[in-house]
C-alpha cells in the first residue's frame, strides 16, 4: 500500500525539512517527492506533518476501570491528541502484575487499531510495595516498563532489588516519587494558598525526598530510573544534581504542571486535584526553565480520566487525576510555544525523541525506513476546547471552553490513518 | 424616581394647628391621658408622636408614654422595594398589656403599614385599645383600615406622592404634593 | 415647629444606595472575604433588632414567611444546627432538616446527586456544614438556592466569627469600635475554621489578631494575612489583648503526632488567671465551644465574670436571624 501526503510542512525533532510530499509504503516512510503511482492520496494543506507523539505515561483504566476509560476510548483519545504510541500504567483492577493480563492487553489493543499500546507492568504485586512481580515473564508478554505509578514504593530495600533486577533485564523503572508520610492526606500543594483555603497540603519536600531516594538507588544499582511527573523546583533540583553526577536517571514533566499553578483551587473544583499537586508559579517557572536547559527528558501526559461524578465529590474524596491527552499538545503549543517560552523543536523533541531515548527505542524521525507513525498539526486556527466531543470517556476538562491552537487533524499509525478531525476547525 | 413639585398642601403653621387639634381629640376620646401611650411608626411617625406627647402634657399635665415602632420585619411588600431594607430598633419601654395605645404615622395610604404596625404591636402583648392617628389621609385603601384621628384628608391620584417634611429629619417643615415626572 | 427629641438623620443617599446595592446582590454567605465593614455593621444593627424580638414573649416575626430554609449538615453538630433552625423559625420560615451525616449518605454518593435530590423540595436557602473545605462553593454550582456556610473543613465558619465579634461589641466595656483592638486566638489554629473566619472578620473591622499555639499547630503561612502576628508564647499573645479566644483541642491531634500530650499543652498554652493578667483590664474571654474544661481554659477563667462564652451561644440566634434576613428578604 503506497500513500502520498501532499503539501506537508515536514518537521521532526532533528530537522525542519520544509514543504514536500511525503510517501509512505507498507507502513513505513518511503521518502519525499519521489513520484510514481500511489494507492491513496491525502492533502496536508500546508500543515505541519511530524512523527506521532509518544506518551510514556497514560492511564487507560483497563482492566477494571472501564467506566472511566477503556483501551478503545483511551487509544482513540491518544490518536486524537496526536499520539501514536502510549505506555499504559499498571494501577488497574486487577493490577497488571501477571503476564496473562499483559498479553490480553496487547492482543486487545492490536485489534482496536488506534494508537499503539505498550503496556507497563507493576513493580510489586497488587501495588502493595511488598513482593516483586515476575519482570521477565511480564517483559516476555509485552511489558516495556516496570512501574507502581500511582503508589510510591515505600520500602527502599524493595526498590533496590527491583532496580537490580530491572537492570539485568534491560527494563526501565518509572517512579511515582512522593514520601507518603509527608504527603499525608494533602489534596493540593502545601503553601500559602492551601493555608488560606484551609485544605490539607502536600509539601514539595515530600517529592524532593523521594526523588532523592529513587535517584540514589538508581546511581547505586545502575538501573535506568525514569522520574515521573516532577512537579516542583525542589524536586527538579534534586534530579539535576544527580544528572550532573551521571546517575542513570531521566525526568518527565506533565502538561498541567507546566501551565497551571495552585491558585486554581480558589474555585474549589476537584477537577484540578492531581498527584503530585499543582504547585506555585515559582515551581512552574522553574520546571519550564529546566525544560529549556535540557534537564527534562520527556513530557508525559499522565492522562488520568475519572467520571464526572467522582470529580464532583468533595475535595478529600474526589480521586486524583486530570484527563488531558487530547488537549496536551494544543495546550503546550498555545501557552508555551506561541508565547515564546518554548521552541517548537524542543517541544517536539520532548514528545518524540526524548521519550524514545528514555526507553532506548529507535528515535522517531521522518527519515526513510522509519515507521509511518505521523500526526498532522494545524497550527494556525485557534479553536475552543469542547470536551463533549472528546474521544475519551471523560468528557470534561479544566480547559473546556479555552481557545487553543495547534490541533492535531490527522494521525497515522504504521501508515494507516487512525484519526481525522471531524469538520473544519472553526476559528474563534 | 423623578419627582416634580405640584403644590404645598400644608405649611408649618397649618401642620401645627392640625396636631394641636388631634392632641385634644386624643384626650377627649380617651377621657384623659391615663394609661395612654403614643407609638410612632418609624420614621416620620416618631417625631410626630413626640410632639403630640408634649402637647398632651401641656394640655393635661400628664405625659403619655412614647414608643418607637419599626415595622420592617412585618411588611408584606418587600419584594417591591429595590434595596435591602434597613431594620431599625423598636423602642417601646413600657408594657403594652392593658394600655390604651395610639399608633402615629405621617401618611395613611394603602393601609399596609398600619396593618404591619398592628401585628407588631400585638406580638408585644395585649393592649386594651389600639387607635390610629395620621397627619394626612390620602385615600386608596387596599385593606379595611381607617384612622381614628386625621390631620387632613387629601384625595390624591396614584401618580402623586405626598411628602411630609419634618424639621428634625428633613430640615424643613411642610406637606408637599409631588408628581412622578413622566 | 414639630420637635422630636430623637435626632433622626438619614445617611448620605449615595453611600446608602451603594451599600444597599452590595447587599442586594449578595446571594450566599460562604465566607466573609468580600464583606465590607459597613455591611458587617449593618448586619450587627439588624442583629440588635432580632435580639430584641427574642426578648419578647412572642419570639416571632413574619419577616421570612413563605421561605423554606433547609439544613444540610454532613458533619454533626447540635448547637449550630439548632441555632440556625431557631433563627429561621423565629422569622416564620419553614425548616427542612436533611440528615446528610454518614448514615444516610452512602460514602461516594456525589454531592451533586445528593443536592439534586434534596433540591426537588425547593428550599430557598441551605445551611451547609461539611468536613471538607470548599463544599459550599461546589454546591452553589448545582442549585439556585442560597447557600450559608455553617462550617466547611478547616476553612471558614462565617456566622461563628460574626457572633464572636458581635458578642465583643455588646460586652466590652465602653465599646466604640474595633479599630485598634487586639484579638488573641490560642490553640489549634491550623485546623480551626473559627480561627480563619475570625482573622478575616476582625482584621477587616480594623482590629489586630495574634495567633498563638505550638509550632506544629501554627502554620507560618498565616502570617500572610494583614495585621496578623504569630507567637508561641501565650503570655505574649495575651499582652494587651481585648479578647482572648481559646480554641478547642481535639484528642486526634495527639495521635497524629502533632502534640506530645495534653499535659504539655496545658502547661504551655492553657489560658489561666496568670495569663489573663497580661491582658487588657476589661478583656473578655471567648471559646467557640464545646470547651474542654481545664484544658484550653482553666476552670476559674471559664467561670469568671469576664467569660462571655454563654453569651456567644445566645448571640448566635440573633446574628443568624440577621444573616437569614439579609440574604432572603425581598427575594421572592
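We just call them A, B and C in the order they show up, numbering each chain from 1.
By our rule, a contact is a pair of C-beta atoms (placed from the backbone, for glycine too) under 8 Å apart; a residue touches a chain by one contact, two chains touch by 3 or more.
Here the structure is a predicted model, which means the values were calculated and not measured.
A comparison of C-alpha centroids places C closest to the centre of the full protein.
When chain centres are defined as mean Cα coordinates, A lies farthest from chain C. Centre-to-centre, using mean CA coordinates, chain B is 39 Å away from chain C.
For the pair chain A and chain C, the distance between mean C-alpha positions equals 46 Å.
Per-chain Cα centroids separate chain A from chain B by 76 Å.
For chain C, the set of residues that touch two or more other chains is empty. Looking at chain A, one finds that none of its residues touch two or more other chains.
Of all residues in chain C, only 107-108, 110-113, 130-135, 137-138, 152-156, 193, 196, 219, 221-222, 224-225 touch chain A in the complex they form.
Per the touch definition, chain A reaches chain C in the complex via residues 191-192, 194-199, 265, 267-269, 309-310, 312-317. Of all the residues in chain B, the ones that touch chain C in their complex are 12, 15-16, 19, 43, 46-48, 50-51, 54, 68, 70, 72-74, 78-79, 81-90, 119-120, 123-125, 166-169, 173. Residues of chain C touching chain B in their complex: 1-10, 16-17, 19-21, 23-24, 42, 45-46, 48-49, 52-53, 56-58, 60-63, 91, 325-326, 329-332.
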